[in-house]
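Notes follow once the structure below has been shown.
So that you can tell them apart, the chains are marked A, B, C and D in the order they are listed, and the count of residues begins at 1 in each.
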Amino acid sequence: MAQRMTKLSEEKVFKDPVHRYIHVRDRLIWELIGTSEFQRLRRIKQLGTSYLTFHGAEHSRFGHSLGVYEITRKLINVFEKEPEWDPNDRLLCLCAALLHDIGHGPFSHSFEKVFQTDHEHFTREMILGQTEINAVLRKISDDFPRKVSDVIGKTYENKLVVSMISSQIDADRMDYLLRDAYYTGVSYGNFDLERLWRVMRPREDQVVIKKSGMHAVEDYIMSRYQMYWQIYFHPVTRSAEVILTKILHRAKTLYHNGFKFKYVPTQLMSLFDGQVTVEDYLKLDEALILYYFQVWQEEEDQILKDLCYRFMNRKLFKYIEFTPMDLSLYDELRETFLDAGLDPDYYLVVDSSSDCPYDLYRPGEEEEKLPIYLVMPDSQLRELSRESDVVDSITGKKRTDHKLYYPLDAIMALPSHSKAKKKLRSLLSI
Amino acid sequence: MAQRMTKLSEEKVFKDPVHRYIHVRDRLIWELIGTSEFQRLRRIKQLGTSYLTFHGAEHSRFGHSLGVYEITRKLINVFEKEPEWDPNDRLLCLCAALLHDIGHGPFSHSFEKVFQTDHEHFTREMILGQTEINAVLRKISDDFPRKVSDVIGKTYENKLVVSMISSQIDADRMDYLLRDAYYTGVSYGNFDLERLWRVMRPREDQVVIKKSGMHAVEDYIMSRYQMYWQIYFHPVTRSAEVILTKILHRAKTLYHNGFKFKYVPTQLMSLFDGQVTVEDYLKLDEALILYYFQVWQEEEDQILKDLCYRFMNRKLFKYIEFTPMDLSLYDELRETFLDAGLDPDYYLVVDSSSDCPYDLYRPGEEEEKLPIYLVMPDSQLRELSRESDVVDSITGKKRTDHKLYYPLDAIMALPSHSKAKKKLRSLLSI
Amino acid sequence: MAQRMTKLSEEKVFKDPVHRYIHVRDRLIWELIGTSEFQRLRRIKQLGTSYLTFHGAEHSRFGHSLGVYEITRKLINVFEKEPEWDPNDRLLCLCAALLHDIGHGPFSHSFEKVFQTDHEHFTREMILGQTEINAVLRKISDDFPRKVSDVIGKTYENKLVVSMISSQIDADRMDYLLRDAYYTGVSYGNFDLERLWRVMRPREDQVVIKKSGMHAVEDYIMSRYQMYWQIYFHPVTRSAEVILTKILHRAKTLYHNGFKFKYVPTQLMSLFDGQVTVEDYLKLDEALILYYFQVWQEEEDQILKDLCYRFMNRKLFKYIEFTPMDLSLYDELRETFLDAGLDPDYYLVVDSSSDCPYDLYRPGEEEEKLPIYLVMPDSQLRELSRESDVVDSITGKKRTDHKLYYPLDAIMALPSHSKAKKKLRSLLSI
Amino acid sequence: MAQRMTKLSEEKVFKDPVHRYIHVRDRLIWELIGTSEFQRLRRIKQLGTSYLTFHGAEHSRFGHSLGVYEITRKLINVFEKEPEWDPNDRLLCLCAALLHDIGHGPFSHSFEKVFQTDHEHFTREMILGQTEINAVLRKISDDFPRKVSDVIGKTYENKLVVSMISSQIDADRMDYLLRDAYYTGVSYGNFDLERLWRVMRPREDQVVIKKSGMHAVEDYIMSRYQMYWQIYFHPVTRSAEVILTKILHRAKTLYHNGFKFKYVPTQLMSLFDGQVTVEDYLKLDEALILYYFQVWQEEEDQILKDLCYRFMNRKLFKYIEFTPMDLSLYDELRETFLDAGLDPDYYLVVDSSSDCPYDLYRPGEEEEKLPIYLVMPDSQLRELSRESDVVDSITGKKRTDHKLYYPLDAIMALPSHSKAKKKLRSLLSI
């Protein structure tokens, strides 16, 4: 059976703007791409609300997933010449690469915050449950789906395989940095991908990097740093994210309060009830969310209606820098918002973003990241920041940015004699 | 008033992958971009169903509209040095460039076919009717919206201005060829845009090209030729288009037959009834369409259900080359489809695509295209194909491609002893 | 011995702007690149005098030769999956690809015209003679140099191998179109190289193209057409070429007339005498030529001195379009040049360039070009122009451009009352 | 007069791979480009010996000089909207940008080391002396050449103008980083040039950067860092540089010792004598140097002959890392070289390279660099490293790399029983 699966009679290619072509020779991969669960990724944007800041960033998780697969495929081509590489891990790696994001829903970040869902949980379910993906994977063997799930979940015994998909320098991040740079049109993400995959070497526990490739790694880490602050954490994108989160929050609250929706969110109810199944989850996509946001502009509830109008028509919140310590400012603003008839739970929102571009291993931390190791000419391993001044200087430096979002237009629309308006203009320097 | 509109205190820029940056200095343009009608273009893909063939092609009409504006802006910068250019046409041109696609709905091509709507009609309505766009344009003058509409509708008296937006070498096509090439990832669309806009010159009736730029024009026309056949008319894209059209067709038929939808297409009813208003139309976007396609997979009607399933999960039709003359094959297939229980009105579809990469003026034809003129060193004008061998060789050559689409999987799923199956396999060589 | 040659212990890479990296795994190739004959290609520009028109075009034949090797290497990777491919031809192909231009000297075109040398002759000599290249090649076998020479000379029995290096769609042209476009900075040469090499298939007599790759071939042929007329035959480049040719001509004439050079061209004498050996030839490079042009600005001979000054300081000739039939104009100009004291043999020069972008096989013609064949889905071969309208329209169309070059500055410097000046200004419309 | 100079009747463009097009509208600029001193830059490589490591890096200072001009031109376009900008400085800036490298000779670095020449001295001389450039500049005014020279020499009173050409973020470096990355083919140099020039603002003393452009500056500084260590200080390039320097050194020594050259270096004698005039200097170019290196392979002197052979045929020295403190190793090697008959003055060479990617102002230091200032939203200036963690981490960190170069081939060619050979192999670990 496994044999029959092995190869397509003719290689299939996908034209891809980042990798030129994506090559599929394994029937297994081809069938996975054809499943409805995988096709659904076409309806989930890779960068959520970023398209409202960078209009080019309208690309979906579908292309990214193919890209991670393609990088992994090229990496395996390099590894196959090394004794440390076990050729039996090939298909497993490719499947994990292709499916690593399969559990993502629409606007995952906001959804997970509001509904306490977890895309990793759904990834597991889609691989292990009653799905088309599971049926395809089982053609290899009964325990193959479990293996794929373990690799993605980082619990697989072979840590080398895990590190190819999830580490500080993995195929996932290599693809998304390049891809997101391509679609937004910025120049930050342009590290030398081909150089990177050619200097990677398999070791028992993880992928390591030939010393001669150190500068390419530095460049990759700087790309990551720039992309996080310039693109992923862009304050305008976060403003849209804030509004989106508040819409979901409001709808859930209204639902639990027995509000009579004109447009009943049938497909969201199990989410509101905290009982969403994989089957329910698979029906969620961004089209459905945008459909509700569109029609909810006609609901009676002023907050839901207004927030949906804002999201659909890009009437976003403005922001000021915010020091979390400064509770007195926040409290004063809250109170004045209430005076002005603006519900601060929906219209005064602190958003914090933080990133650490490279970190050492810190046992016991939430995300225990393996550091990146260089293979020196004498075959010894040496942790990256001990060789690279640039990386050393940013290692472990977590930077956090806090912003306070508010609806400038609503404040300016307050009557000009209103005390609240004056106070808000003064507090927010507007 | 017009003065107050003129300039923003600080230039705004959009990062754009094709033009690097899009620059906005006019308050008018900035406000137009902020209208809900313009923001709606973010929810309408530039290339309709092409993303099912070229996964990168997920970009919307929003970025394209900005791009056409930007090219026009640069062209005006060149024209401003020429005596033939009237500086008063500047804003008019920019508005027409920005708004030329505003009337497009989701999957326009299919919609127009099934519902006999016309995006040009809605473009006019959105500019002249009770819209945010109209309100912004009227800040210039009461007759300004009408002028913008006339330029887009090609009835404006100043033909030079018209030709900048609509001609065989206009800002619209220059942007979409480059943009669609960028997002699909193909290399065909790479003509030298900067060269083109620098060799364009304003003349009383139209834009003409300096002789020294002839090769850049040749390259542009070849790009157009390649993009049409390689991208826009790709048979897989057309397969998805065929299914989409048939879904709309089926839904409309069911509606008129009084079918009880589980998910009633409220927003589509005025379309079904042929009485769609601008207000209705503005609520249509691809999210809404995809929402219905998603939920209609649960309807009772087998055809609607199946076609929606096919579209959402990319289970497309296969095709054979088809000679329209060959009615006997078509009739025989139709009959055998009926025998096999497959409704040929939905499952046996001929699609024809045709293009003429460059044409001379043919009075009385549907689309009366002005030819491209070169300005020779002696200032005389000379029609392009008289100077260029390459262009001459393809001038007026309309090529048409006919394909017959059918559901291979459904045929293969027929019982193996079925006579219809055998006959179909033989007729279709499968 | 051959075995020992096979592989380097570690792959070597060259960073290349066109192909990203050039990969060398064979010791044989590595050693060939290291020979002094190959290193000499660094001192010979790929595009001769084009850098005087396109300042970016300063690249040498060294990079191009590596590029042809790299394309051939990738093509062989594709071919190795096909039964028609004989793995024993691999190294032979790679060597022929790498060495195909080895016999070129500085400004070959002009040199061959003036001294009746032939770079193909020197290519053979460098492969078969007493050279470092020959010594390296002989490590494979005694007859290996002969085979390599036969492939380059197109007399090798295996026509498939020959066609990879020399045909209407060969690795040589694929590299130079892309490379010359890259360095000049023009967009014309951007066909899809990866697509091309993936649709190429080995057949007994030649490389053929899968039908699905037809549009990529069309694009390649159009690139060729554009590059020839826009870059290679640029009239300013030809002006520099005309002057260069005339310098060589003058130096040779002076030498034969016993002129006493201040700077005796020792290394050129055997050329002047028509008795140049490979050893002499290998010492010729562009540095040597430019050295003489530099110092000859101090010679007594007014013509040599002036022409050298012109070349070194880019004081080129101007040109008019010229109809070869128009002998009366030419004769009149000649006479007036003589009257004006300008030697028409050096200062009035007709240059003709011609190209045919694609041609069918025409037996008996000077360059018998094999046409390009497509492999149709039914495995039949079909000549390209029968399938492609675009190619059909330019097939066999040889275009020739004639220009007459003259020194505008020298004419303008004639005394204003001079009759010759007036006549020349009138005849040349200046 | 100045007026007459102002504009060309038609803009001239140069096709440039980095900036697409370089635009010239001022007759003054056009005439400067046409001078023989400027044309000479075509015969001097931008990156000296780098082409022996990165074969694409064959570009000359000619294109770079045009590029610096073009960036300056675009920057002035931005500045012209600012009150701090004096429009009278426009032509001065453009001339200084275009001419800033005019004094460079062939392989400047080595020449300056061996002959104690100084390209800044020759830049001044070429602008102020009896040159074509001076004649063109004087058409503006008698003191215009002096002003241009002062800007380049950093002594001009208007420090803003100086900083556009020479500072830690100037047009010179912006061009060369992008250009050298383009020609070598590496991805390191890809900062967002357009972003940079758009966020630059003129202030009394220097160019400053809008805060919103900080990340683009970070990216530029990281590009610089990577280009220095990956390209400019590449150990193979330095090996070629070492050999080149030693050739010049040897030739000079031989000349002073009365050696009878077969090929007398007439044009180099004034250099050897330390009495080179501008007129002499202008005749020096890389063709001349390579000519002598070529012919000197036939000289009697073994060292000159061998070193020239090495350079021309890329038989470079190998290297080991070297700690300057380790004098005992160096002394032991020297002695053993002498024993082996290898002159350590020519065959055992320490080369040190060092760079500081960004520095604060350190009064009294050799190169007093002005730091980069950001303009904060409140219009205050703030030094870059106080805002940017990444820049802070590398500020003032000068890194130095020492290598010891030696001829591996010559050592391996020593008789196998030789004691010196054994000792050298042990000391150098070969």
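Going forward, contacts are C-beta pairs under 8 Å (C-beta built on N, C-alpha and C of every residue); 3 or more make two chains touch, one makes a residue touch a chain.
On a predicted model such as this, the values are computed, not experimentally measured, just so you know.
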Requested in this report: Compute the centre of every chain as the mean of its C-alpha atoms, then state which one is farthest from the centre of subunit A.
Outcome: C
**Report entry** Of A-B and A-D, whichever chain pair has more C-beta contact pairs
**Finding:** A-B
Query raised in the report: Roughly how many whole angstrom separate the Cα centroids of subunit A and subunit B?
Result: 32
Requested in this report: Using mean C-alpha positions as chain centres, tell me how far subunit B is from subunit D in Å, no decimals.
Outcome: 51
Requested in this report: Could you put a whole-Å number on the gap between the CA centroids of subunit A and subunit D?
Outcome: 44
Query raised in the report: Using the touch rule from the top of the page, what residues of subunit C touch 2 or more other chains?
Result: 20, 186
Report summary line: In their shared complex, subunit A is touched by residues of subunit B numbered 14-18, 20, 34, 36, 39, 42-43, 51-52, 54-56, 58-60, 62-63, 66, 182-186, 267, 283, 285-291, 294-295, 312-314
Query raised in the report: What residues of subunit D sit close enough to touch subunit B in their complex?
Result: 13, 20-21, 194-195, 198
Report task. Report the residues of subunit D in contact with subunit A in the complex, numbered from low to high. Result -> 186-188, 190-192, 215, 218-219, 222, 225-226, 229-230, 389-390, 392-394, 397, 399
